[in-house]
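Below, chain A partners chain B and then partners chain C, in two separate complexes.
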Partner chain A sequence: MDNNSEQKPSNFGIHRPKENPNKGGSLSEFLPQLENYSPTIPDAVTCYYMNSSGLNCADPRIVRLISIAAQKFISDVANDALQHCKTKSSANPNVNKNQKDKDGKNPKDKKFTLTVDDLAPALNENYGIKTTQMKYLT
Partner chain B sequence: MKRKHWGEFKEKQDDVELAKKLEMDRQIIFEKRSELKILHSSVYFEPKENRIQLSHKNPAVNQIVGLKQKQELIQELIDTSQNDVYTFQQILPGLNSTLEVFPTKIVTPKVNDKLNCFISTIQNDFTTGKPKNIQKKVNKKCVDLALRKSICGLLRITDFTDITESALQLMTDSVDHFYKSLMESIVNVLNFDDRDTETDIDIMTFEKAFFNLMNESSTVFLNYFKNEIYLKNQQVATEFTEKVAELKKVVNDNSHQNLLINEIQHSEFSTNSQFYIKEEVKQEYDDYEDEA
Partner chain C sequence: MNDSRRKIMKEAVCLLVSEAGFSTATEESLETLTEMLIGLTCEIANQTRNYAELAGRTQSVVGDVLMALINMGIGFKDLDKYALRENRPMARNMNPNQAQKPLQILQAGTKPSNPVHIPSYLPPLPDPHAYVRTATYKQPETEYESIREKSANQKRDIEKALTKFLAKTCAETHNLFDNEEVQMFPLIASKPTTVPAYLSALNPLDQIFDFEELEYYYQVANRKPDNDEVESEGEEKRENENEEREAVSPPKKRKNKKSDQKKDSDTAIMRPPSPPVDQKPQPLPQEEEKIIDNPFLKLKKTTITS
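Here is the complex of A and B:
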């Protein structure tokens, strides 16, 4: 009996576990505040893709959400590519010639150039976008 | 008098010159034609009335990009002060006036630290989701150009300074692929819910579609804006103010040194005027005196 009393009553999956507060606010609360979070991608661009897929872009909140999703995608890919670039340059200091380490400057002032070599693995690993070089006809 | 007959054969030398001239003309025409083709193919050939201006209106991103560009310029000035003193002394008078323009504190867009449920939203057309017609209809070329600009701005935030043309093209294509995949996912969700004929999207449809595609909820957008845009903006603003303070210090030090040098030179000039006369000039002056 003691064991049974200690057991919590089964809720048949009705009550969900509490969400991690660091993970983000609820979407219904976030939606009205989207007005303050304007994305860099213009709404007209998102509308173009929605219209080309036969979807209506009348609701400005949905348009904005999709724009933000695309912006987040770009930022995530860029962050991954930066990690690749940093790893590569630390492994081989001669790869990125723009770096100013030789001059003895602050590492914060390093210059990074995004190339296909850094971008392709970032796209391939996390998003499944594979890039292959053109096969030349000989 | 030399007769000229109609239809007579010209001399060989003339033919060669004419052929050369014709060849050159042909080359020029070919170059002009190719230039015109490029102009026709570009969007910029559109007349002003037909051009569409799209605004990339995130103030935080725009501010970060602007501040980083200025910060680079300031860093270059500081480096010049250390490496090339002579050049720095020459631009010093102009710098004194420009430094006054820089603000001591930079205002950044505020982040809401409170929980969302405590913030009362103002009822307006946006919050109620009132349908809005977007007047600007763009074509694929415009879309690509807008995406390229947005990508460059966002790359600047993530500490990239340059991008190769091929990488930019790949990035644009991948964003295009992302958009198309998301749209496909939305259409799939609508089909799955037996709403095939509907074209309006609600928030739950988007959430389902986004989760299917990216395997994460769209609630992460809030944290993305807070951590990656606004906090970054604050960091860049503080870095910028530090750099400006550093440059001001360098300018002050150099102008102080300048004053000291001027004082020394002035005193020496007043006591011994011949000190500044170069040897050659002095020789010429002596010769002139001898002649006189």
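Here is the complex of A and C:
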């Protein structure tokens, strides 16, 4: 291993393409913004779950960071489920029984319901999470 | 289901799902997502702690969180954009309504801070004026002199009041002045007894064990109709308070001799225990001249107050 001079930190001779320096930096810039942030999950609840895992929540920014990360995951799952739902609804063309009375159900006005039928494939395809659905209880 | 935190997590899931575009959702799917959210939070926290401990720290840093996310395969590049997105749902306020603070106008003195062992979310301790002790009574006097003085004063006051009361209500009175009309300073008339006063001190007394028995014995002793034994009676049983009674009883018996004996003697017997003051005015004025030889004890004729 070839050590560079002591002046700058060495790469041990391994030269890598310069990566985006802002990748980690953007997050560190984001950190001060977290101080006044109010996430969807209250801090106290996140703190409780962190305590149950053994992590102390002295720094509120860490708390919010974790809660944001978890939120984002759920949001992504929900968005994927929505996509599934939309594709399913568009795959089955809705027959308008009476065009005078009702408007055709536009995607804009349509109300979506999150069901396990949409959730399961979304989880399975994108995240590899398999959910079992109990049809009935014996 | 009384886990409040789980409920809040489910609420957050509902917010996120509705933000995604759904208007309704099934219970099952919501429960699934809630479970995932809780599990994910715990797992991120756990791995963060592990990375921190791996680095030899006890306090976790942002880098630990990032390492945990990378390890789990969760991207964080868009995390800041996601966090600062518009119209994001806000969590509800977790702090309960602040209790109305009582008016601080009447605050007396500065309130010291709570002791260490008392948490801050408990209601505050009262103002320091609540701890001030003001004795409502005076320290009792324990000096012998003052106590003696007080008791002497009290005794004198009692005697004075009692004599005044008696003089004005029931007893015969002498007047301090010669003038009979003016009754400014009434004195209770002294009723001389048949026997000398010092006799009670000279006679030996039996120790009294039972007052009721004594009463009975007295009645038995008095049942004798003979009046010759008046003096022997007086010698047999003598108490200080019975002196006056004996003075009453012989004149009564003399009086009753004139009338029917047995009935009145019975009633006369029953009378001695009651205060003899009421009966005194009747028999005495008649017998006074007979009994008293002592010139100093001769009474002046005064108005008899009943």
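The rule we apply is simple: the second predicted complex is superposed on the first by the 93 of 138 C-alpha atoms of A that agree within 3 Å, B and C clash if a C-alpha of one lies under 4 Å from a C-alpha of the other, contacts with A are read in each partner's own complex, and residues count from 1 in each chain.
Convention: a contact is a pair of C-beta atoms (placed from the backbone, for glycine too) under 8 Å apart; a residue touches a chain by one contact, two chains touch by 3 or more.
This one's a predicted model, so the numbers in the text were calculated from it and none came from an experiment.
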Simultaneous placement of chain C and chain B on chain A, clash or fit: clash
Touching partner for A:Pro60 - first (chain B), second (chain C), both, neither: first
Partner chain in contact with A:Leu114 - chain B first, chain C second, else both or neither: both
Chain B versus chain C as contact partner of A:Tyr48, first or second or both or neither: both
Which of chain B and chain C A:Thr40 touches, first, second, both or neither: both
First, second, both or neither for A:Gln133, with chain B first and chain C second: second
Shared contact residues on chain A - chain B and chain C: 23-24, 26-31, 33-34, 37-46, 48-50, 52-56, 58-59, 61-62, 65-66, 68-75, 77-79, 81-82, 85, 111-116, 118-119, 129, 131
In the complex with chain A, residue positions of chain C that touch it: 5, 8-9, 12-13, 15-17, 19-26, 28-30, 32-33, 36-38, 40-46, 48-49, 52, 58-62, 65-66, 69, 74, 76-80, 82-84, 88-92, 94
Contact set on chain A toward chain B in their complex: 22-35, 37-50, 52-63, 65-66, 68-75, 77-79, 81-82, 85, 98, 105, 109, 111-116, 118-120, 123, 127, 129, 131
Residue ranges of chain A touching chain C (in the complex, touch as defined): 23-24, 26-31, 33-34, 37-46, 48-50, 52-56, 58-59, 61-62, 65-75, 77-79, 81-82, 85, 111-116, 118-119, 129, 131, 133
Footprint of chain A on chain B - complex, ascending: 52, 54-59, 61, 75, 79, 112, 115-117, 119, 121, 124-127, 129-134, 136-140, 142-143, 146-147, 150-151, 153-155, 157-164, 166-167, 170-171, 174-175, 177-180, 182-184, 186-187, 199-203, 206-207, 210, 214, 217-225, 228
